[in-house]
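Note that chain A is present in both complexes that follow, paired respectively with chain B and with chain C.
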Partner chain A sequence: MFHWLEKHPFFFAVAVFVTIAFAGLIEILPNFAQQSRPVIGTAPYSTLELAGRHVYIKNSCNACHSQLIRPFKSETDRYGHYSLSGEYAYDRPFLWGSKRTGPDLMRVGNYRTTDWHENHMKNPAAVVPGSIMPAYTWMFTNKADIDTAFAEQLTIAQFFSVPYNKPVPMKDGSTKIVKMGGSVAEANALALAEAKIIAADMKDQDVKDAVANGEIPEIVAIIAYMNSLK
Partner chain B sequence: MNKLYLWGIIVTAVMLLFTYMSVAGSEGGLNGDIVNMLAVAGAVALVLITVFVVIKYVRQMQTDTAEGELADESWDNIGEYKNPVPMGWAIMFLGTMVWGMWYFLVGYPVNAYSQIGEYNEDTQVHNDKFEAQYASITGDRLIEMGESVFLAECKICHGINADGIDGKSADLNRRIEANVVKFVIENGSNNKLLGSEMPMPDRNGLFNANSGALITDAEIDAVSAYVANGMSGAGADVYAGTCAACHGEDGKGMDFVAPSIATFTPELVANVLTYGKKGVMGQMPKFERLNAKQKEAVGAYITDLSK
Partner chain C sequence: MENRPLEYDYTVAKMFMFTTIVLGIVGMLVGVILAFQLAYPGMNLFLGEGLAEYTNFSRLRPLHTDAVVFGFTLSGIFATWYYVGQRVLKVSMAESGFLMFIGKLHFWLYLVGVAAVVVSLLMGITTSKEYAEFEWPIDIAIVIVWVLFGMSIFGLIGIRREKSLYISVWYYIACFLGIAMLYLFNNMAIPTMLGTAADGASGIGAWYHSVSMYAGTNDALVQWWYGHNAVAFGFTVPIVAMIYYFLPKESGQAIYSYKLSLLSFWGLMFVYLWAGGHHLLFSTVPDWVQTMGSVFSVILILPSWGSAINMLLTMKGEWQQVASSPLIKFMVLGSTFYMFSTLEGPIQAIKSVNAIAHFTDWIVGHVHDGTLGWVGFMIMAALFHMAPRVFKREIYSKSLMVTQFWIQTLGVVLYFTSMWIAGITQGMMWRAHDEFGNLAYSFIDTVTVLHPYYTIRGIGGLLYFVGFLMFAYNIYKTMSARPVEESELQNASPMGA
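This part shows the complex of A and B:
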């Protein structure tokens, strides 16, 4: 066979290509697949968190805020452990961002809480003197789109095998089950149950009333998303 | 004269002429400019060496004949002599193999750059420096350190002056505010302020020893004002009857029973930083990234603030 290949330059070139490509694939693919597995402690987004993620994207938060902590001491001091690729396993699309006009938000859920986000979104300069971030007052009245979030959940659960309704390992050794509704009504009910927990920690009476009436303002969804970033 | 030597002389002359013209024509020329003189010397040396080497090898190609015994094998009519490998080649060949093994096993794996490795080294250097310079500070220096940590981590919620930004979070210039006392009495509390689970009952578990009944709304308001006022004013009797059993007559708390509600203590602040806290104003997250010394420093700073 090698003699035959030596006499046929074209097929020789093809054979060389196939050999090197094969070697490359078995070198690269397993490592790549391993690195992109979710790390322990990374759970899929719940319906409300996903709706909040859509709010985040809709308002272009990623234009000013990154979600990627680089392995530098100065960054890990401020934001927490540097990012690992597996932590983005359920991010579609990822929101790494490319510019930090504001701080990184990769682990904002570790060091900011619901009431702080509420104060901050209403009037950023009131809690952060000199902040140039605009107020996002419309989030307090706009309603979050739970149906779209549920549609996305269904899609990613089916096509990317995102483990909804299945135990996911957590860092402390326990497991967590992120629920996904079986129907639109069920998904809305799940999101509302989650929203009630958030709203209980909020001060804005209009938001509390809206949630009590079964509506979910965008601010509740985006706070749920922020709190999930850990 | 051999044609080869003639060509050598012509090429040498042309190149030297070119060198002379380009240097003499440039700024500074040939007079007194040491850099130009060095360049010319280098150029002359290069030209002469080049011509000499070329002539040597061309002559060798013209006159040399191969010597030695041919090997039996022939590869497409290209034969090979059985001459031994020249010593220089052999040394280089073996040297390359040794270096290759070293590089494969030691050179690359040990010295390869890793971003995470550099980060770990940075962190190690930082931690060593912290250990050497700050791990044992006390007194005013500890308070200074606490202030700097406060300004980095805490001011975002508590404000630069630690005043809580108009009630958005706790005012740390005083131990406790009336609405906080009231909330805790009405709802109970379990914030691990002592470092362990030690729940305080809500109002349905708080008896006023003076009246022998559950604490009333009016009594809650009175005792809230009393505690928020720095353990003075009206409400002392309610405090003595209801709260003092656990929090002490002076409000300084009791070990393993109840925290101080008269003053901050560094331990109390450190516990809040470790476990977080949830109350009437909202939730405070835990600060896992602060080390024990930094927590102690923040505790010292806040204790000092509220004196």
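This part shows the complex of A and C:
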């Protein structure tokens, strides 16, 4: 049979393809059928949080920071409850990472504050002596891309039925509504309102002035995102 | 028809040899910079405060991986295909104007794609998925480049004189099919410009941005099914294709066992895809997928060692060539690193080992003993073998080859030993508890302890890079020397091509 295949390239290619596709069919397809559903307490990202997530991705934070807490005592002691599949239901793409040059960030919102992040992003080694993380000073001047975050919200609401403007169940039995604007102007206004809350806790005067002028620096967006990681 | 050897046409092979070397230098240089940035964070500002956004570790890291995977390695695969393909199929590119056109188009579009990738990654335009960072416009370009590669493979096969496909061709076909399938499925995304606001506005925000078709755990599963098997079909399959051709040609020895090559080829095809789950152990993907990933990773030793042992036994009775020929040195050490790496991988895929190894530098070390020791050595050996035949000039300096070999071997050894120690140290420190059950170390303790190992790794990487520059210089001097060969070198190997 093998000798025959080696003389018939078409059938050879078909045989190779079937052999390699087999594992994917069995391992991957069943999971597609079974969409991962959000656990109670998991809400979609707001416009500003999503813009912050884009800043996180733009700077490849995931190259050094994981967002996956494994079910070991040492990890739950350090980072909090181990990760559940449903907590990632709104993560497109997933940001588990593959290397912990820095600590896990899955629940960083539980134990770090806006103020801490501001100082840390400016000069990590001043906050954590011995840190090898670079400073991300340009985030204080670059402007966050709110329009693209809004476009993404629209896309996921449309194609994947992500529940914006709809009540989402919370752990304490209440519900939460994550708002999405109806127009670009509305989306920017929503993001700015959120940004003002973050900027109020910050000390950098240029960032405060920018937000007061209706602009949103990247640092404000990424802090909003990290505060949402709980 | 007159009975004289075919004159093969290496135009396209030469073009891809050029990008193999240039992109290899770029990718490895960035790698060395990254290594020293981890040891000395001040290096993040090596072009000054103003350019820090483009020179810091996190922005450069995808550029390193993509430059060596899709730049150096892929160019090497293409270069060797346009050389090996003609020779084992007994047909010249010059015989078909169409295939020549496809080959050249393949190269130029590839070059455009590379330029787009470099610019977009430096700007921070990325999907964040490892080795699949490109946004949809570049993905489309990559698919076209890949289809052209497929047309070259099957086009050349279509007009072949040798009816039976040589082992190398099996592996090139598998490389083409495997990457095509994986790349398409993993990069499924919806451009966000399709989103329409309540007021009817669309095309909002960055036109190139997209959102992954899969969410969370599903996305991770597809990504590592891709990520692991990009290693399979990029770093293993086509490199095995190379060694099956170049080792017998260079040594003049016939392949040790046809049956062993059959077993290892079909075994590799079947088993490799299952093993992707070992990247997701103790994560939120289903347990059975994790277990399958572990088990099949261990089974994977069989077909991997099948190929490697077949190569080493091909040298049976001719081991003195390892001492006398620098080229054979590269290939034999390459196969040895392949065996080493394909044993180390399954060990790391065992759940209890993975609990310590995952997220640490041991994984980085594992990747590099495979890529530096196996992929890098084999591609350089292939180009060293091709250069005299393609440029019709003897290799400029054999002693330079030997020096390069030892410098790079030392570099690889420093690299993986330091990363072993770093990874296991860090993994053990993360999980250490004191007598009261509290964590023994804060995270930063596990970072500062790595400094000496990061420095040693940087030196190891630098040595490998210096060796690669010697390689580039040797090839450059070879191709620019005065021609000495009237016609292509004819090899009196049992393969007879």
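Rule of thumb we're sticking to: the second predicted complex is superposed on the first by the 195 of 230 C-alpha atoms of A that agree within 3 Å, B and C clash if a C-alpha of one lies under 4 Å from a C-alpha of the other, contacts with A are read in each partner's own complex, and residues count from 1 in each chain.
In this section, contacts are C-beta pairs under 8 Å (C-beta built on N, C-alpha and C of every residue); 3 or more make two chains touch, one makes a residue touch a chain.
This structure is a prediction, so every number in the text was calculated from the model and none was measured.
Participant: Please work out whether A:Ile28 is in contact with chain B alone, chain C alone, both, or neither, and reply first, second, both or neither.
Facilitator: After superposition on chain A, A:Ile28 lies in contact with chain C alone.
Participant: Just to be sure I read the superposition right, which of the two partners does A:Ala149 touch: chain B = first, chain C = second, or both, or neither?
Facilitator: After superposing on A, A:Ala149 lies in contact with chain C but is clear of chain B.
Participant: Looking at A:Gly173 after the superposition, I want to know if it touches chain B, chain C, both of them or none. Which is it: first, second, both, neither?
Facilitator: Neither chain B nor chain C is touched by A:Gly173.
Participant: Report for A:Pro71: first if it touches chain B alone, second if chain C alone, otherwise both or neither.
Facilitator: It touches chain B and chain C both.
Participant: For the overlaid complexes, name the partner, chain B or chain C, with more touching residues on chain A.
Facilitator: C
Participant: In the superposed arrangement, which partner chain does A:Ala126 touch: chain B (first), chain C (second), both, or neither?
Facilitator: first
Participant: Once chain A of both complexes is superposed, is A:Ala135 in touch with chain B (first), chain C (second), both, or neither?
Facilitator: Second partner only.
Participant: In the overlaid three-chain picture, which partner chain does A:Trp96 touch, first (chain B) or second (chain C), both, or neither?
Facilitator: second
Participant: Across the two complexes, find the residues of chain A that touch chain B and also touch chain C.
Facilitator: Looking at chain A, the two contact sets intersect at 71-73, 77, 128-129.
Participant: Once bound in the complex, which stretches of chain C touch chain A?
Facilitator: 37-38, 41, 44-45, 49, 52-53, 56-59, 61-62, 124-130, 154, 157, 163-165, 170, 173-174, 177-178, 181, 185, 190-199, 201, 204-206, 209, 211-212, 214-223, 225, 262, 266, 269-270, 272-274, 276-277, 279, 282-286, 289, 292, 296, 355, 358-361, 363-364, 430-433, 438-439, 443-444, 447-448
Participant: Sort out for me which residues of chain B touch chain A in the complex.
Facilitator: 115-116, 118-119, 122-123, 126, 153, 156-157, 160, 165-166, 168-169, 281-285, 287-289
Participant: Touching residues of chain A toward chain B in the complex: what are they?
Facilitator: Contacts found on chain A: 71-73, 76-77, 80, 82, 110-116, 119, 126-129, 201, 203.
Participant: Touching chain C in the complex: which residues of chain A?
Facilitator: It comes out as residues 2-3, 6-7, 9, 12-13, 16-17, 19-24, 27-28, 31-32, 35-36, 57-64, 66, 68, 70-75, 77-78, 83-85, 87-103, 125, 128-138, 142, 145, 147-160, 181-184, 187.
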